[in-house]
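In what comes next, chain A is part of two complexes: it sits with chain B in the first one and with chain C in the second one.
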Partner chain A sequence: MRFVLRRLGFFLLTLWAALTLNFALPRLMPGNPAVAMIAKFKGGVSPQALHTLEVQFGVNTRHSVISQYFSYLKDVATGNFGTSLSEYPASVGHIIMQAIFWTLGLVGLTTVLAFIFGTLIGIVGAWRRGGVLDSVMPPVFVITSVVPYFWLGLVLILIFGVKLHWLPYINSYSYTDTPGFTLSFIWDVIQHAILPAFTLLITTIGTWILTMRNTMITTLADDYVRMARAKGLSSRRIMFDYAARNAILPNLTGFAMSLGFVLGGAILVEYVFNYQGVGFWLLAAVNNDDYPLMQALFLLITVAVLVAILLSDIATAILDPRTRDAG
Partner chain B sequence: MRRLIKYGVVLASCGVLAAACSSSSSSSGGKGTSTASGVLTIDNESGGNWTCDFNPFNLSDISFSLGNVYEPLVFVDTLNDAKTTPWLATSYAWSNGNKTLTFTIRNGVKFTNGDPLTAADVVYTFNLLRQNKTLDINAVWSVLSSVSQQGSDQVVMQFKAPAVTYFYYIADQIGIVDSKVWSKISDPVKYPDTNPIGTGPYEVSSTTCTPQNIKYTANPNYWVKGEPKVGTVNYPAFLTNDTANTFLSAGNAQWGSQFIPDISTFLKAQPAIKWWFPPVANVSMFINLKNPLLSNVAVRQAMAYAIDRQKAASIGEFGEEPASNQTGIVTPTFSSWLDSSQAAQFGNNYAYNPKKAISILKNAGFTMGSNGIFAKNGQPLSFTIINNGGFSDWVNAVNVIVADLKAVGIQVTPQDLSQTTYQDKLYAGQFQLGYGSETGGPSPYFELRQWLYSANSAPIGTPAGSNFERYASTATDKLINEYPATTNPATQQQIVDQLEKVMLADVPVIPVTESVDWFQYDTASFSGWPTPGDPYAQPAAYNYPDWGQVMLHLTPAK
Partner chain C sequence: MAMIIPGGTTEPAVPIELTGLGPSAGRSGRSRSPALRALAGMGKAVRSNRKASWGAGLLLFFCLVTIVTAIVSHGNPNQTGQFKVGLGPSWHHLLGTNGNGEDLFSQVIWGARPVLEIAFGVGLASTGIAVLVGVAAAYLGGIWDNVLSLLTDILLVIPLFPLLIVIAGYLNGASTGVMIAVLTLTGWSFTARQLRSQALSLRKRDFLEAARVRGERPIYIIIVEIIPTMTSLLVASFLTNALYAVLFSSSLQFIGLGDPNQVSWGTMLRAAENNEAFQTGQTLWIIAPGLCIVALGAAFALLNYAFDEVGNPALRPVRRQKQPRSLRRTSATS
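Up next, the complex of A and B:
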């Protein structure tokens, strides 16, 4: 219990530091949201609009940085992220809520799948070292993991979307559909997710395979594994309960980290596939000097990563009793 | 239209004939009235998902509701000598030395909730902008002094000074709203207007708009009998230019508003899609006049001679944007305004002439150093040019400029900046040379005013409205102020001639290429598109309220 409390205290300290950084960073960036807004219009807006927008957005306001900081902390605590500047007057919360579901679905699910498959392949590969699976899978996926995923996405779009017309390659569902819990709509969403999910999956799975396989090999050489074999336990039991349980720890920490980063979206994949998600909004917010949106998104990512690390620390402590004293 | 895997091929080929194919969509959207049919799909990169807000006084939303949902008083055709077409006003008249403008409001127009449109609604709309300055996007109340009703159907606007040039902003850029609806809104500035009540040919609501698509459906009770003829307009959200271009080339959309590099190759598979890029303004090199070397007019004139505008247009813009000329008059759109004989006196309108550039610099006392760069008093002609690094066409055009200037002994180093940094520096005047464009208007006067009016300038470090190069001349300001006082075409022409002379003699800005409206249109599924022969409106889907006019002109193919 003391371990958990200590972790929790550390978590709060990091959170405060992250919040403060998050407040400072957008303000150190160059740019003026009113200018960005005018420039977005390819025609038709008179120069007088600049001043109007500056007033509207509160650019060069009289509030001091200190008072801005405290009202920021208050807003964060109450979950009020204000109004987006680039999509004025839409609220930041509204924009994020619209996007987050899609990101969680696409990036979250692929992260989980990549972890599960990658770890399994790593376990089995190390167990049957030099076997068919071990000599094919790791090299192939290590190669795909260094392929830039946006490039792979473009290639897949060209082959399966543009040339073969097998799969849709833009949007998260057919744009003419009305979202709803109908079978046809869900089927539509799944189809639209295939190409981006596949892109993410085969470019991230390699890392899991490699780390899992390598730790597994070291673990398999340990005395207690030999002992288990001598006792005549089943292969499956030794593989999963003795070796994999101990070998999985580094992978688990990595998994927690990447789960945290899910909320950041996969910017380039969302960009290439025109997929409505958090990552795209992050990019748009930076391009348009949309501080409130940027802050909320950064905050979301930071908190998600911190929470994920906290949970993985706790999970590690449960799996490996030795870490409880060390922590 | 669901895209099942096995039907993918069929549906993709269907896109070209969307009108014939998409019966499912039109039956749900057409409200079962009149003759409106077919589905028109727009292809325009929006850079984000839709928020489904339609407040016509909000800069983020106006281009999705003005023209098709909300309508203005009079349509002004930028591409056809500012020709006016009555819209919600049947007529208008200037009086009192162009300080009073009277509109007669159309009878028999109804909002989509059934309320009739009255002169009181027009008065209410303008006073709404007066009370909420942030809604007054084009600052019309900087010149207006009052708006009131006269009789049953007239609206009288009084101006502080003659204001002919403001007609475009007042009559064409402001959508009229229902006073009974808007008077109940507590904060119109933050009002998202997700279910807009307008008078226009199309309706939209929170149920027909999703983050990925805005679906406009024909207004069955539109005040023009038999209009609109197109039943549904889909406006999908595209986050990037590439996805939108692919969508168009796959035949999924009929109305494109996209920059497509090497367009004839790209759209080879869609022979029915034509394109037209009418020029509307300039992409120019802004010269910081507060820089001691650049404030020397000889240096600026030499630069204007040294730049091969044709080459910049063909290499940077694939020839899709034509070359500009030094007067700043956009041709052929505003050709009648160009004073060719005057321009001819300035080296044939600063036609490309590197030898002349070198001789100007020599005559001005510059000598070429051993490094091939001209210098005077130990100060070399060496500058940086800021550019939006995100626009690959501009980056290419600036590379042409850099090479051209290098050839006459002027060293220029490009700085391709991120969009935000670039805009910040350009507006604040923190640059030596800058490449950029402005918006223009229904006559060349608007862009010349943006460039040359000292009131649009600001001290270095403060964002300027549009006079980025910081030009200031009392004589020029006087000319600019005289123009709004006259409706006489001859006087207007005379003033613009003199402004052209400022451009030619002082060279405060060097127009390089012309910026255009991007427009691709599918002739197989719809007829009635604007064309060079019939330029009845600016053709891009992002041109408001013009896109409403285009929608009213379109007829689905049988």
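Up next, the complex of A and C:
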């Protein structure tokens, strides 16, 4: 209980730090970027929206920084992130709701797949220590872990999109298709998701495999595994029920945490494939100086990570009694 | 994976120095200082461990290329329209030219320099901050430890890449110096945490007690007694930070948040993407700089992985012995 409370306190503190960072960054930057942004959008948006912007970023206002800060906190608490400038007059909240849907679908599903396959490969690899899988894997994944996501995406586009014409590689569905729950539309969406999903899978599966393999190797040397062997249990039983079950904890907490990274973890993949998720919009906002949208997306991504870390801490406390005493 | 586990599961299980870093290091180097012993172990790893040799070789290669280019060449690789547009690979243009009439080979060569500057700059600076914060927190203890650890932990959980994007977005693109500063300020926390737990495990050791009894000042103890014992962890920290600097800075340059007037692998990729290099058949424009990023990243990663293997023998690859099937079965069940 004390452990959970401590983690809750840490969560609140980091949340506050992230909120404050978000508020302070544009004000700390040399030459206040908000001034340039407001100058750029003058005339493009209604006077009232312009005034809201000035208040939001502390330009041309008589309010003190302290009172700006508190009205900012109030806006965030009530979910009022203002109007998007690049997509004027759509509200920031509206864009975010659409973006979340695509990112959760693509990246969320890929994360689950990477976790399941990676863990299984790691278990088998450690079990057959010295086998083909085990000796090939580590060097291969040292290399894949340094391949930038976006470049791998580009290479896959070259091979499967441009050269072979097998799969579409732009957008999350064809422009000619009307969105809806029809079979052809769903098939279209799946086709568009294959290349970005594959890119993510290749680059993320390695860490699951290596973590599982390394913990599993340590576990396999433990006495209870030897005992299980002495009892003459089947290898399958020892592998999954004795060794893997105890070795999976780091991977499980890592999985809980990686769910938090779903929203912000595929920014470049979404960018390369023009997949209109959270990351795509974050970069669009940055490139168009659309600071309200950018701030809201950054907060969204950060909060998702913080919540996931809190949940994974609680899960660890439930699953592993030793951490509870550590307080 | 280890990069995103802030829950305290990443403490080094055994202080790497205590394992002696390789069998001969302990024998020949008992009287030498721990720092020298650790470095000797790494030197041996570079010569005998294949991963380490590859890593060191690649890194050396890129460094030499950069130095030689800086001395020999005075050309400007970014001059548009220098050559004919869209030439294939030939003796004059090893990688051909792109749609802007720029020689791709010289761009790739020149592009190594900013990447290396960023990698070494961030690697050194982050490690420096991490040592200061981590060791100070562990050694001073009490309120200092609480404050510094909290700061480290908070920075550790804020998603790094989105934060970098937002900062670079406000700055409207970052030159090499700014890039180093931003990557350093946001990226030191992971290694600071590792160094802190290592220093904590040293705190009650006899040689530090002895130094305290001798009446040495804390700053002397930290610099002369504690830091040299952490040499291999410091090298690991440098390699980790350098690797992430290569990947993050290239990514930022690719999305247009770098310095557009400077040739580097990331900005080359951006230019290629903007000019639809694939659709127009200029494949090498994207392949070459990408492979360079992978090779340089792999150099840092391989070195790190190899040194890790030296320090943690359990992870070393097992030599597969050829043996009759019946024997293999008994050895598997025994």
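Rule of thumb we're sticking to: the second predicted complex is superposed on the first by the 267 of 327 C-alpha atoms of A that agree within 3 Å, B and C clash if a C-alpha of one lies under 4 Å from a C-alpha of the other, contacts with A are read in each partner's own complex, and residues count from 1 in each chain.
Following the convention adopted for this analysis, a residue touches a chain if its C-beta (ideal position, glycine included) is under 8 Å from a C-beta of that chain, and two chains touch if they have at least 3 such contacts.
Remember, predicted model here, so these are calculated numbers, not experimental data.
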Report for A:Asn274: first if it touches chain B alone, second if chain C alone, otherwise both or neither.
-> first
When the two structures are overlaid on chain A, which partner does A:Gln98 contact: first (chain B), second (chain C), both, or neither?
-> first
Touch check for A:Val155: first (chain B), second (chain C), both, or neither?
-> second
Touching A:Asn214 in the superposition: chain B (first), chain C (second), both, neither?
-> second
Just chain B (first), just chain C (second), both, or neither: which does A:Arg129 touch?
-> second
Thinking of the overlay built on chain A, is A:Thr83 touched by chain B (first), by chain C (second), by both, or by neither?
-> first
Look at A:His165 in the shared chain and tell me whether it touches chain B only, chain C only, both, or neither; answer first, second, both or neither.
-> first
Touched partner set for A:Asn287, first chain B, second chain C, both or neither | both
In the superposed view, which residues of chain A touch chain B and also chain C?
-> 29-30, 157, 162, 271-272, 286-287, 289
Interface with chain C, chain A side, in the complex: residues 10, 13-14, 17-18, 21, 25-26, 29-30, 33, 129-131, 134-135, 138-139, 142-143, 145-151, 154-155, 157-158, 162, 207-208, 210-211, 214, 217-218, 221, 229, 235, 250, 253-254, 257-258, 261, 264, 267-268, 271-272, 282-283, 285-287, 289, 294-295, 297-298, 301-302, 305-306, 309, 312-313, 316
Chain A - residues contacting chain B, complex = 29-32, 34-37, 39-56, 83, 86-90, 94-95, 98-99, 157, 162, 164-179, 184, 187-188, 191, 270-274, 276, 280-281, 284, 286-289
Complex interface listing, chain C residues touching chain A = 1-2, 4-7, 9, 51, 150, 153-154, 157-159, 161-163, 165-172, 243, 246-247, 250-251, 254-257, 269, 273, 278-279, 283, 286-287, 290, 293-294, 297-298, 300-302, 305, 314-315, 317-321, 332-334
Contact residues on chain B for chain A in the complex?
-> 1-5, 8-9, 12, 25, 47-49, 51, 53, 55, 58-60, 63, 133-134, 136-139, 142, 169, 173, 189-192, 207, 210-213, 215, 234, 236-240, 242-243, 246-247, 250, 280-281, 419-421, 423-424, 427, 439-440, 450, 456, 463, 465-466, 515, 517, 538, 540, 542-544
